[in-house]
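First chain written, first letter: the chains are A, B and C, and each begins at residue 1.
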């Protein structure tokens, strides 16, 4: 690629502006305008892509609503009571609460197909639980929230897998099943790393809660503990779609706080709305910025370049999978997940098929890859979001996230090279592949 | 005299805050109505869908223009965090200039696009798209004005307009 | 010197039959133009291609007639239920005098040149519940997912069902959990989106013949010589014809495939559905904008 091409200049400009401290969403928009200017194209496209991209992305609305749900839980005493309950169970273990953060993401994964919703919503609540009274550093809580929310779209339901099924012709049902084991494996590895760090950094241990206090603490936390049960019940009995479940979560949290815990004042209610709107604005600008930049990447026709490489290199199946991993991890640094699935992945499908790679297996590898891109610097959407929520500096968040990223890459390699791990559950349920 | 303008500005900002909070409340209510209508009453109402997406766009653009301060935006703090006050002024000045020039350059084309959209309306509520999308123009103009102000602040060396990250837990 | 590039945007994926159609077309116009296709709605989102064409950011598109009717209300008749019998009927219409009038309308008002219809399958009602459906009355109370927008929702009502809007990406999970009872898409889409995995039956209502419009912007069209225009149209015609044949064959094969997968597939009382739907349409506001006598004219083709 030519270094003086409009595309290269735009990429440099975005990087530079972001380093100068301009908000990232605005940096991407400004860089995209520069591209359109240099390429002599209609600069009105920046508005067109921003507005139509946001207008057609209905499922993203789960994000503001889960943020609202978490706010309601925080101002009601739900978070407080949940914290009490978690401490009762795992407080005596080193890093117990951090492990709860992993478990929270596994539960949340069953409700949502969006990692952003997890990180900004329930994950944000976990973050405030972990940092209360200085139990954990803000950067560690933030890093852990970011890496655990990646589990969301790997365990079903999953929007990225639906999109992958569309471009690959693989079965959604089997893809969903195939995500289970890798998702749980990743969670187990994260738990392991929490354990390691807990020892090394000597994480706090809470004084054991006497057994006679158990019933009352559980009772006080029960309505909050029931929330995932209620939501999963509503999704799997067809009362709500996964996107609508976000609104139901907020309604439930509001209801419990207002009627059972009686801890919500009109003023606090307004504050919850306002804070959620502010968070929504910041996250929305980030998403919109990447929507605008996606247009630039699309028009540059990167798929054609990739196609040429694929035909010229004559890769072996293993070589091909490694190549795909590397390319997707790199692209994940600059592109948003759905865009990668729609623009880049279709290029790989024919080759994967020709090499005899199972398309369900390949789909899980692709989705895990894309999710990893959300937490790998420099452009890790989830890292930005947790940084915003925690207020911790990016540098320390990245430092705390690195050991986890190492395990996640290891997990990616394992599922890449041992398809049986991925395909075991689908085969058990009748998948012939 | 000046203090009067400051007071008016503060009053306007509070009203803007009320508006975004209300928009989020409306989105929340629209979703609940949708669930109730489909599941409980077995009636479908498509406009809730539409109103939610419209509100989503308006919250983000209106919020960015009038509510969220510079320091609340999601940004990259790797260099900013370790820079001296003087380098920060230089950084802020360059970033502001770039934004003013690029957003300014795109403004005529953006206005042209938004005006063009009068040919279409939304599917249920028949809101004309030029009205609906006009918020983008307002946002773009607000960004240009804000960064002119930030650029001037950087030259005059006024107390840095983008303070340190807020401490955890205070403003999440 | 470089041939002029034509950016083309479509919602269908690169694996779709229609992507091959575009490949054929690109070869057909290869002497005069270089086609740059973008699939999967990646360049312009679904429904936004028309404005992109009008504003000169796109030279070619695969436009839904529903999108044309947003700007030309008369066009809504071409999106109504049971207007066309099958793919051949659609082609015959666009080649007819009345078809030319509609194309002329689009050319005058939108500055686009319509090359012809691209058929992608007849819409069929696919359901999760096993209830036998013979007439519109049998669909009463059934939550049928329809695309968003009141024209689409009206189509659902015209079938006698209870139309429910839902994002396309959520339909699979919606069927799985029972949030919706069914969806109405052509069989190839049912295959692409794997809806058959979570349905028990397909009622072959064929209520709407699915087609889009292969379209080029008027400015590109006007810049061609008469000879180039003729070659351009001919390339489009043969590619569209090929694609239509492929789709018809695929629909036939899919019926067998879905049957083998255990789905119940049958034809309901089509006459009852047609009468119910046409009465609904004629008594609606939509029909106000329809040219007089259009239904008869089309039916006579």
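Keep in mind that, in the parts below, contacts are C-beta pairs under 8 Å (C-beta built on N, C-alpha and C of every residue); 3 or more make two chains touch, one makes a residue touch a chain.
Quick caveat, the model's predicted, so the values are computed rather than measured.
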Graph class of chain-chain contacts, one of line, ring, star, complete, other: complete
Interface with more contacting C-beta pairs, comparing A-C to B-C: A-C
Approximate Å spacing (C-alpha centroids) for the pair chain A, chain B: 24
Centroid distance [mean C-alpha coordinates] between chain C and chain B, Å: 37
Interface hub residues of chain A, defined as touching at least two other chains: 42, 44-45, 48, 55, 58, 238-240
In chain C, residues with contacts to at least two other chains: 51, 55, 179
Shared interface positions of chain B, touching two or more other chains: 49, 113
Parts of chain C lying in touch with chain A, wherever the complex brings them together: 13-15, 36, 38-48, 51-52, 55-57, 166-167, 169-170, 172-174, 176-180, 192-194, 197-198
Chain A residues within the chain C interface of the complex: 41-42, 44-45, 48, 52-53, 55-56, 58-59, 157, 159, 162-163, 165-169, 171-173, 235-243, 294-295, 298-299, 301, 339, 342-343, 346, 349
Chain C residues within the chain B interface of the complex: 51, 54-55, 70-71, 141, 143, 148-151, 153, 162-165, 179
Parts of chain A lying in touch with chain B, wherever the complex brings them together: 13, 17-26, 29-30, 33-34, 36-37, 42-48, 50-51, 54-55, 57-58, 60-61, 64-65, 68, 124, 127-128, 131-132, 138, 238-240, 244, 246-248, 250-251, 270, 273-286, 288, 378, 384-385, 387-395
Interfacial residue positions of chain B with respect to chain A in the complex: 17, 20-25, 27-28, 31-32, 34-35, 39, 49, 52-54, 56-57, 59-60, 63-64, 67-68, 70, 72-81, 88, 91-92, 94-95, 98-99, 102-103, 105-106, 109-110, 112-114, 133, 136-137, 140, 143, 162, 165-172
